[in-house]
Structure formats: structure tokens, C-alpha cells
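There are two complexes below, and they share chain A, which is joined by chain B in the first and by chain C in the second.
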Partner chain A sequence: MWIYEKKLQYPVRVSKCDPYMARLLLEQYGGADGELAAALRYLNQRYTIPDKVIGILNDIGTEEFAHLEMIATMVYKLTKDATPDQLKAAGLADHYVNHDKALFYQNAAGVPWTASYIQAKGDPLADLYEDIAAEEKARATYQWLIDMTDDVDLQDGLKFLREREIVHSTRFREAVEIIKDDRGKKRFF
Partner chain B sequence: MVNSQVRVYKPFIGPFDPCPPLPYRTYVVPPNQYIVFQPLDWPQFSLAEALKLGTLWPNLYSPYESKSKRVEEVGSDGEPV
Partner chain C sequence: MENQSKPAVDQRYYELLEKLQMIDFALVELNLFLDTHPDDLKSIEQYNRLAQERIPIVREFQESYGPLMHFGHAYSKFPFEWPQAPWPWQV
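Up next, the complex of A and B:
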């Protein structure tokens, strides 16, 4: 079970009216390497991984939902006051006719999220290496998103999220070491 | 600003490229790539700093600056910025 805290993990500030950026940010909302995919991937893999690393998947999977909320907040702020004409100019007309201003799990190109983005192989090494790759891809996506805006406040939130991917990648690589090392010998950290 | 985590490489420039070639490309290698298992007793940021930067550990911190409004990765002298 989860306990919900009614606040964001990191404050989201958006200072420039740029509805087009909302469209780009959807890549991290409902994209292949986005936060939804990350959260569902890790939380699902928990059931078939050695006990020692379940906690890592649990913690990181939970944090990804906190990141999803931050992205949602960014998208919402960038679109909530936009007129239909402004959304059209931002390339969001196709989004508008299907969803109005509702958020939807799709990537920056409008492709809906699919479970095919994530994997659960049941093999701890295969799963953890997928997770490491997912973190590096999310880090790279955040870099390209940061490159796409000159809003320093939005950049600030995105930089925080990028750094979290680096920490997650480290933890998953430690998880690989933990399961590699499980050969009956005791090791203390 | 020099960022020691940035790596630079020169892509091949063809004689018939349709657009003015960009002489360099860059990518970031965050410091975690050299850490197999985080040791105990690493130095820590202050809590306020850690909350802002996204990590408690200076050894895991990777700065990244936007390339928005900049000539892609190259200064006017053709050198990487």
C-alpha cells in the first residue's frame, strides 16, 4: 500500500507561456522512456526478483509516480490557460479534438502509451539491465527537453528530474552487484 | 563553462553536406558511470542543497545546461563551448 503526501516531490515552476513545450513534455509522461513506463516497469518486476533488491524496485517505482505528477503539473500549467487557437498554433489541435485539455498517456508525437514499452523477463539480470537502460534513456530525454526550453524555471525542475535518473541508475547497478554477489558468502557494506 | 563530464567527438564531415556542418558533438558521462557500489561515508551536500540538486551526494551530481538559444555545441571559433 501507499501513503500519499499532498505535495510535489520538487516544486514545479513554469514561467514562460509556451504550450508547445507541453506537447514535448508528454514524452516523459506517456512515452516509452517516460515516468509512467518507469513506475509500472519497476513495480511489476518486484514480484519476481531476489528479495534483496525488491526494496530498490519498490522505492524507485514509487518515486517515478512522484515524477509523473511533476510532469503532469508542468503540462497542466502550460495548457490550462491556452485558447483553442493557441493550442492549434502549438501543434496540439489533434490533442484538443480528442481530449480537450485533459492529459493523456501519449508521447510527444501523440502515440498512446502501450505496455509493449516495458518488459518483465523474470530473469533478474535481464530485468535490472533493462532498468539501467531505461534510466539512461530517461536522463537523455530530460537533457533534450532542457535543450528545448529557455525557461530557466522549467529547466530547474527538469534538471532535478534528470539528476534523479542518475541516482536511480546507480542504485540499479548496485542491485546488479548484489545479485551477482549472492554466492553464499557474507558481505558487509 | 567547462564541465568535466562532457565528452566531445568530431563527426565525419562530407564534401557534399547539404547543411553547414557542425564540427563537434558532445555527450555527458555522469560520474555514477565510474561507481560500481557506492562506498560508505561519502561527503554530503547540505540538506537544502541536496533537495535542490536532486542528490545528497556531490559524487553523484551531474550538472547540465540547456543548449537552447545557443549555436549547437560550438563557439564562434569552431571550438566546443
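Up next, the complex of A and C:
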């Protein structure tokens, strides 16, 4: 069960209408290393991971949905006042004819999200190493996105998200150690 | 149809919301830390203290700006307040 809370995890502000930046942000919405992929990856892996690390997968997976909502809010705010001409100039004409200004789970190049971006191997270490890699790739993407804009309000939200990737990566690395310790015990007893 | 009976979003709305976002951020962070450090007593104490501290802020926010949560986790005035704007992406 999930309960919705009517607030963002962190304030999202933008200082101008910028559909081009909105298009780039879709990488973290429906891209391979984006927030949707992250949330679905962890919440799906948790069913078959050892009990000691279910909590961290459950809670990081849940937080990813809050990040997905922040990205959506950025995209929404950056495009809500855009004219069709502005969308066209930003390279969003193909998006406009299919979706108007609706959000869609696709990456910055317009490729729709697919489950083949994520894995569930049933092997706890294989799954956790994928999760660590996913966080590091997302952290890098956030840095490249920050580099692509001079909007300091938007950068503030993106920097928060970049820092969260670092914390999640750290927690997953600790989960790896927990699994390894547990395996060591079984071997010797 | 747009934003009917929308509670006024004023300066205090943003101030209270940010106060809550700060406490709730610390709670998320402590929660994740405790998931992998369940024996850290100081963090558990801090977690429980912040869980207490958020209650009056939530109450004050909800009295002015409506429920923060659905499915019975907050009371409602008449008419049902939950589906009323603004939603988080609108402010």
C-alpha cells in the first residue's frame, strides 16, 4: 500500500519558460537511468532479496517516486506557458503532435521507456551492483543536466536530486556488505 | 472549473510547507540510514524526536490549507477537501 502526500519532497522552482530544457530533463523521467526506471527496478527486486536489505530497497524505491514527481513538476513548469512555435523551436514538434503538452515516459531523444532498461536477477549481489551503477549513472546525468542550464532555480532542484543519488549509492554499497557478512556467517557455522 | 474553491496560497503556505519539507527530509535520510544501521541508537532517538516534531506543523498546515494525505490519514471539512487544488506541481 502507498499513501500519497500532497507535497513535493523538495521545492521545485523554475525562473523561465524553457521547453528545450524540459526536453533534456525527460532523460531522468523516462530514460534508462531515470527515476521511473529506478523506482520500478528497486520495488520489483525487493520481493526476492534477503530480508536484511528489503527495507532499503523498499524505501529508496519509494523515494524515487517522489523524485519522479519533482522531474515531472520541472517539465510541467518549463512547458506550461510555451506556444506551439516555442515547442517546435525546442525540437518538440513531434512530441506536440502526439501528446500536446502532456508528459510521456520517454527519454530526451523521444525513445519510450521500456522494461528492458532494468533487471531482476534473483542474485542479491548482482541486483545490488546494478542498483549502485544505476545511482552513479543518474548522478552523472544530473551533473550534465545542471551544466546545460543557467536557470539557478532549476539548478537548485537538480542539485538536490544529484545529492540523493550519492546517498542512495552509499546505502546500496552498505547493503552489499550486509549480504557479504551474512554469507560469511553461514559458511563458518 | 479551474481551481474552484482553491484555498489561497499565501506566503505562510510556502513557509509552513518548507518547514515540513525540512523535517521530512531529515526523517527520510534517517530512515534510509537506519535501514542499513539498525543498531544506531542516537539516530533512532533523532528519528523519533523528529517524528514528534512534525505533528504540530502538519496540524497547522492542514488547518489552513487542507489535508496533506488521503485515504483517512487526515480529517476533512465540507465539502471534501482532498481533491481540491492546488496540487504540488501547481504551486
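Please note the rule applied: the second predicted complex is superposed on the first by the 182 of 189 C-alpha atoms of A that agree within 3 Å, B and C clash if a C-alpha of one lies under 4 Å from a C-alpha of the other, contacts with A are read in each partner's own complex, and residues count from 1 in each chain.
Criterion: a contact is a pair of C-beta atoms (placed from the backbone, for glycine too) under 8 Å apart; a residue touches a chain by one contact, two chains touch by 3 or more.
Keep in mind that this is a model prediction, so the values were computed, not measured.
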Tell me which partner A:139 touches in the superposition: chain B (first), chain C (second), both or neither. first
Touching partner for A:10 - first (chain B), second (chain C), both, neither: both
In the superposed arrangement, does A:174 touch chain B (first), chain C (second), both or neither? both
Is A:69 touching anything from chain B or chain C once the two structures are fitted on A? First, second, both or neither. second
Let me test your reading of the model: by the given contact rule, A:149 touches which partner, first (chain B), second (chain C), both or neither? first
Return first, second, both or neither, reflecting whether A:162 touches chain B, chain C, both chains, or no partner chain. first
What residues on chain A does chain C touch that chain B touches too? 10, 167, 174
Where on chain B is chain A touching in the complex? 28, 30, 32, 35-38, 40, 51-55, 57, 60-69
Across the complex, what residues on chain A touch chain B? 10, 139, 142-143, 146-150, 155, 159-164, 166-167, 169-170, 173-174, 177, 189
Complex interface listing, chain A residues touching chain C: 3-12, 53, 55-56, 59-60, 63, 69, 72-73, 76-77, 167-168, 171, 174-175, 178
Partner chain A, residues of chain C touching it in the complex: 14, 17-18, 20-21, 24-25, 28-29, 31-33, 35-37, 66-71, 73, 87-89
